[in-house]
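Input: structures, listed below.
One chain, chain A, appears in both complexes that follow, with chain B as partner in the first and chain C in the second.
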Partner chain A sequence: MKNQEPMTFDENELLRVFRKKTTLGVLVFFFVVIPFLGWFGLIDVTNINKLGRYLCFAIVALGIDLLWGYTGLLSLCQALFFCLGGYAMAMHLSLPEGGGNVRPEYHNIPQFFFFNNVDTLPGWWTHFSSLSFALVMAILIPTIVASLFGFTVFRSRVKGVYFSIITQAVAWGAFLLFCRNEMLLGGTNGLTNFDPAFHRDFGWVLFFYLITVSTLVLLFLGAKYISGSRLGRLLVAVRDKEMLLNFMAYRPQSIKLFAFTTAAIFAGTGGVLYVPQNGIITPNIMRVEDSIWMIIWVALGGRGRLWGAMAGALLVNYAYSITTSDMPKTWPFLEGGMFMAVVLFFPSGLVGLWDRFEQNVASGTRVSGILLAMAVGFTALLVDKSNWGLYVPYHLTALIACVTMSFLVIRSLNPSGIVLATITFFFGVEALGLMPETMRITWIGVPLKYYILFIILVGAGVLSHIGVFRQALRKYYEPATEH
Partner chain B sequence: MSQPLNISSIVPIDKISSYQVYLKDAVVVFDGFKALDIEEFGVYYNELRVIIGPNGAGKTTLCDVISGKTSLTSGRVYVGGLDIIQAGDVEIAGMGVGRKFQTPTVFDSLTVWENMDLALPRAKSVFPNLWLKETNEEKKRITAILERVRLADEIGVQAQYLSHGQRQWLALSMLILAEPKLLLVDEPAAGLTDKETEITAELLLELKGQHTIIVIEHDMEFVRRLNSYVTVMNEGKLLAEGRLDELRQNDEVVKAYLGRS
Partner chain C sequence: MFLVSKNSTVFSLLILLCLLSSMTSYAMTESLQQTLINLGDPDKNIRQQSYGTLMKEGDATIIPVLEAFISGLLENRSGLLVIYGPRVQVEKGRREYPLLDAFTGKPVLDPTGRPIYTENLSSSMIRANRTERVTVLDLIKILSLSHFDTEKRIAAIVAAGDRSDATLAPILQKQLQANLEKRISDALAESLAAIRITHGSKSEKLQAARFLGETGSARGALPLRHALANKTDNDAEIMIAVQDALTKIDRYQKLIGFIQDLFSGLSLGSILVLMALGLAVIFGLMGVINMAHGEFMMLGAFTAYVVSEIFKRYLPPGIFNYYFLCAVPAAFLISALAGLFCEWALIRHLYGRPLETLLATWGLSLVLIQSVRVLFGDTLSLTPPEWFVGSWEVSTDLVFPINRLFIIIFCALCTLLFYMIVQKTKLGLLLRSTVQDRETSSSLGVPTRRVDGLTFALGTGLAGLAGCVIPLYDKINPSMGQGYVVDSFMVVVLGGLGKLAGVIIGGVGLGFLTKFIEPFLQAVYGKALVLGMIIVFLQWRPAGLFPSKGRLVDE
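So, the complex of A and B:
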């Protein structure tokens, strides 16, 4: 698969307005709609907490996109950097100053020390009672590790697969190290017993969620600035033809070191925010498998485009969470299927689909119908979820919503738009916990919602190939007349 | 690797200082095969020198040695009076040696403009590139060069969508824009039409006298247009040097070309 920057088409006025509106819509959704729905109890705390955690993954994905999508370096130790940030934060959180749940019978220090026969807090742990120290360390440690490692590896001009293999070895080594009790970091059990309010109380959950979204937006702007600067072009240049840079007096090693360290900082930041929302961190999250998992997010989202990486992280994690709760055994097949579908039909990932959609918008296709349909469906589900359902007969809302949605969607007749809207709607509804009970009725073990999803997606697929079918039919009915 | 002391390989200082590029007893061996075996080769400051020779004569290898891509098996090479045996490719490029590769090499997913932008002779370290933008002066220079090579309308096009001839020109434009002291130009006219070849020759002739230029070319019409001193190579060795019409009379040169094709 050739590494290709998606072609940028002319930014016409329609597209510019559309992009502006989309950005605004997304921001309003994350900063206003979700907090308010949570406030009114229409979204459960667990769902906001989950979204907060997945947004931490989106932060990691941004870094991976800079490193892999732009610079072409496939690192398999990003999960390690995520954990380095995470552990530093976890150390603070497991101490009483950070709200850690310590008990007098265990000498008022994290419990695992007791089982390692340590009675007093080791000196290097005591510094972590300060939040600012912990935060500084959480960023500094990944930075230092990444720069030292990157410096040695890139200086010896290690490239391509060899780079990936070395990063993999580092991740493996670190995993073994963190599993050891002598490290005094909780061994295989990791660090836990933080203040449970962090991932249970609405106030705390919303607080961490909002901090995560804000950090994500800031880092996105940072990454966007980098990718738009001349340094961003140098990153792409390294991916395209590293050798040529040498003869232009640039130092590709330094450029790669920059990308690697930046990605590590992004990953570490994600880890810091993840830990309080997750309530535990163990060495299991830094395995090579987890780093590969992170690569998959970016691959499915579409590498080389920053928002694609973020969307990919959310999408893949929700897909995982939804299927494992509905049909636990099917996940490996679904994962494989998704990967195949991307490789075969959407080589540029979600971004490719979006680009096709944008091209339609640029050529004047109206998308208000699809958006309106989503809004109608969303409102109907909220009515169902809220107590207003007592006053409005549920089945009536559902019926009206279904009819309106179908009408609006079919009227737009825009296959890529329908696919995107369906995916967004499905995952949005699941993420907010608004899926109605009716959809859980199963037939041969598969819930109803999947049948509907399948029918819509296949329908859109057929729609997008109608031209092709028509041609094929015409050929069939009108035999060649040349001879 | 230290070299055995050899009286004949001690290079007189006046030779080093009067040549922009100077090679002495330069040998490159690939798997026991001598790709380059030059007793002495020098190009004066601000000279335009053309190198010709049949396929596999070692012309590209000579460029590789001067630009630090390949290191000598034995011998000496000086650029601007400095011994570059120990220097890496980046250092040599930093000394003002630029090259255009035989297969036109550019950054495929960057646009024509972005390619040119990276070629500008300015900050090469990482961080300044985070905020530096091209100045108006530099923009004008880029536009001027691109207009000459008829790429002005393609500035927003990714290099991977350019035709072969356009890639040749983009690579050459990037080299010219970088203003190196020494230009190594490997087959700039390969795959160009006659008209395009003519423009390329004009561009190189304009640089003559301000930069040292080494041009490798097979196209005799192009070589004739450049109207310069020519070095003929064959089987890694320098076969003859002189003006093109003199070389036409040289039996050895004619034989080297005929013997091959």
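So, the complex of A and C:
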């Protein structure tokens, strides 16, 4: 972790062009390709909605990366800030002014009041009928809570693991509090009965999706600016040598407080955007488990690299959504295994894989095909299979793209590419619905295909560690040098 | 535990009796038998007559028959009066009534000598009409006062007092003069006083008020309050006496409330201490945050479950109680071995990266929880040994459940043992030296890596021990450890890592704090308040009660 710099300045012209192109490609993909495919009905509304929600998680992940990856503070209460933002927004949305579904038989206020024997809207609730107030509060409340808590905790020099334990306790306490009905926030059932159009109508879904993407981009730019500035270097300094900063007359407490509050604001923003797209918010999302779950996005994506955090959030959540529907009982094993594997074998996360990829780029390998194929593979995850009868060419293109990409990745990368390729190929085939029926035979609750995937992955890992095979691979995969 | 063990055997026997009371056999005189058969006679006069006889001659042996009679579970099978006993599971999914001989309480046997079961009530049940039911109920009330089952007898006596049933007072008075077991005579005296405070003469009332005030039981306060509120007497002297007695009771109840809180705080705290000791020593030694610590506790609990199942299935029922003696070392061993393995496979590679051990052990905990869930299913409960059933009534209303008492003593012993290991053994010496200065110890030949492994196993073994006593008072489920782990981390934060005493004081303190706040606020707000207090406390002592002292500016 310590020798990992947040920014790598590379003189390589090829790399600079490549990065520029990739960024542009990603922007086009999210801002143009997805909305248009949705417009033509190729991507189902629910899938755009899901992507929108996962992008909200990416916003949270950005904040966590600033806090954990850069400043080295592992906070286990980010889900709480996410929920604080979310609840403020949800309060507005559950009132009639926000499109909430209220009924005369429940006195025209959110239904849960009725079941708590409250007939009139409490005074502090009434303010949330205005959207601007709710939005301000959604940001202000996490900010205030984070800065108050951060101030006391950092002032008493609670550090490292102690900090994590205390934040964990705070998340837990808050969860217990929000579960109470007396809080008048819906108890364990949370707040719901918003306008269902928000997560069903194409127009609204696209609106929230685009807002989320734009916010993500803006916050990413903000975070990038911070991390590149003098302040960003101070954050890293706190992580690596806090004592030294003290001796140089800086105040690490203030820097930590800044990072903590910023992360809370990011989380709150994510919550605000998440609630209308999800349609419900319950205290269950603020449990300690969920905060740790958020940490794993960043850990898997790669700490200390902003885009890694975002990519991690998307990847982990898609993996979750696919595997839980396939084999709910096995998911905890996978999740637990993921935590352990990331920490043991991939401490640098996805970023590590990508960095090797970029090395190939810098040495002149042509990779545009791979990237294009990756984009198509990702789109394949999103598209609506029921509409495919009309778009057979697309179907074929996606298949070809998947195969080509896997081939190209294997061709151009060192053995770790096999891992990347297998996973992408696997999900691509899955998303295309081309998985043969025999692959769905289960043994102790796990479909056959996962065993095969597992064997390939482990096999690749083992083979790449055997000296002879490694030599042979190196010779074969020698990057093409002609340019 | 040793003080009360005799008491507890008596108790557990009583509970057993209570459970089996419907099966208890009893003998009944011939004339009563005939009278009972007459209860089902179609002739109204004969029925009336038999009631009269029962009133005069009835004793406690006819209670089960009368109870069966009013609930319609009595049948005259061609001269043989039978009771339909409580339904039992005959085979999976089928529950049937056993038939019991009304006169002896023993199961009715068929010619081959097997007890008879029947699936449905027959149509020829003897049924009571409304007036008869009232009569019989009254009869039962009177007869229960001398029930052969002590628990039921006390319950009847208490009920008589609570209802202030003046008609029963002479019977109570008469029984009080007989030489009875202390528990019974205490209940009798109290009930009698409770009745007299409403129905007695002036001198009786004064005496009763004084008596209730001295006993100080919460039950005695009710008739007193009633008397005060209803102003049944305008006699100032009585009123003052009642008032006096109430004040006394209040004072006494407050005191025992305090002691009760102290006790439950201690029993919660002692488990936390056992958990936190392991956590603290693992963190202190290796800088590893073991999020899976609660799961090692869960492993201990499930080991106890497995041991009890083995005893239940493969060993004679007579020695079932002794499963606990096997469960304790088994729980320690299993948790310790699991800990040793996890340390070797996972934790070993993560030394010096505390935040990452937090994530990895969290993953480990998910895997452990799910494995246990797949193997055993969700919530389970296991029968605690009979020794731990019951409670020890130290004084009026001050009751210590024996299982909690045992847990406190058990945890204290384990803590002491752990302390001795750390202070007196070779491993302890190596452990302390490694905690103090890893490099120097290593250079002096201490096998620090092996010490790490053994210490981790020791810590998880302690958690396993904590786990194996939890089924004594609670159900177990695979995710039970998660509730304890946050609390035990708080104990570590509160106590600091410098000395074991910090953990002990922290654990017991947190237990007390939680239990003292809970009565004033609800459990949830209590928890939140405790968390707030800890954060404030850290302002004052950032490194806990007993910080480890070092010369370095930074850790």
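In the analysis below, the second predicted complex is superposed on the first by the 351 of 483 C-alpha atoms of A that agree within 3 Å, B and C clash if a C-alpha of one lies under 4 Å from a C-alpha of the other, contacts with A are read in each partner's own complex, and residues count from 1 in each chain.
Operating definition for what follows: a contact is a pair of C-beta atoms (placed from the backbone, for glycine too) under 8 Å apart; a residue touches a chain by one contact, two chains touch by 3 or more.
No experiment lies behind these values; they were computed from the predicted model shown.
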{"item": "Contacts of A:N181 with chain B and chain C, given as first, second, both or neither", "value": "neither"}
{"item": "First, second, both or neither for A:G173, with chain B first and chain C second", "value": "second"}
{"item": "Partner chain in contact with A:K329 - chain B first, chain C second, else both or neither", "value": "second"}
{"item": "Touched partner set for A:L234, first chain B, second chain C, both or neither", "value": "first"}
{"item": "Contacts of A:E242 with chain B and chain C, given as first, second, both or neither", "value": "second"}
{"item": "Touching partner for A:I226 - first (chain B), second (chain C), both, neither", "value": "first"}
{"item": "Residue contacts on chain A - larger count, chain B or chain C", "value": "C"}
{"item": "Touching partner for A:V153 - first (chain B), second (chain C), both, neither", "value": "second"}
{"item": "Which of chain B and chain C A:N101 touches, first, second, both or neither", "value": "neither"}
{"item": "Set intersection of chain A contacts, chain C complex versus chain B complex", "value": "243"}
{"item": "Chain A partner contacts - residues on chain B that touch it in the complex", "value": "67, 69, 88-90, 93-94, 98-99, 101, 105-110, 114, 117-119, 124-127, 129-133, 158, 160, 174, 178"}
{"item": "Footprint of chain C on chain A - complex, ascending", "value": "1, 68, 72, 74, 149, 152-153, 155-162, 164-166, 168-170, 172-174, 176-177, 179-180, 242-243, 288, 292, 295-296, 299, 329, 332-333, 335-340, 342-344, 347"}
{"item": "Residues of chain C that touch chain A when the two form their complex", "value": "283, 287, 289, 346, 349-350, 353-360, 362-367, 369-371, 374, 486, 489-490, 492-493, 522, 524-525, 527-528, 531-532, 534-536, 538-539, 542, 553-555"}
{"item": "Residue numbers on chain A that touch chain B, as the complex places them", "value": "3-5, 7, 225-226, 229-231, 233-234, 236-237, 239-241, 243-244, 246-251, 254-255, 257-258"}
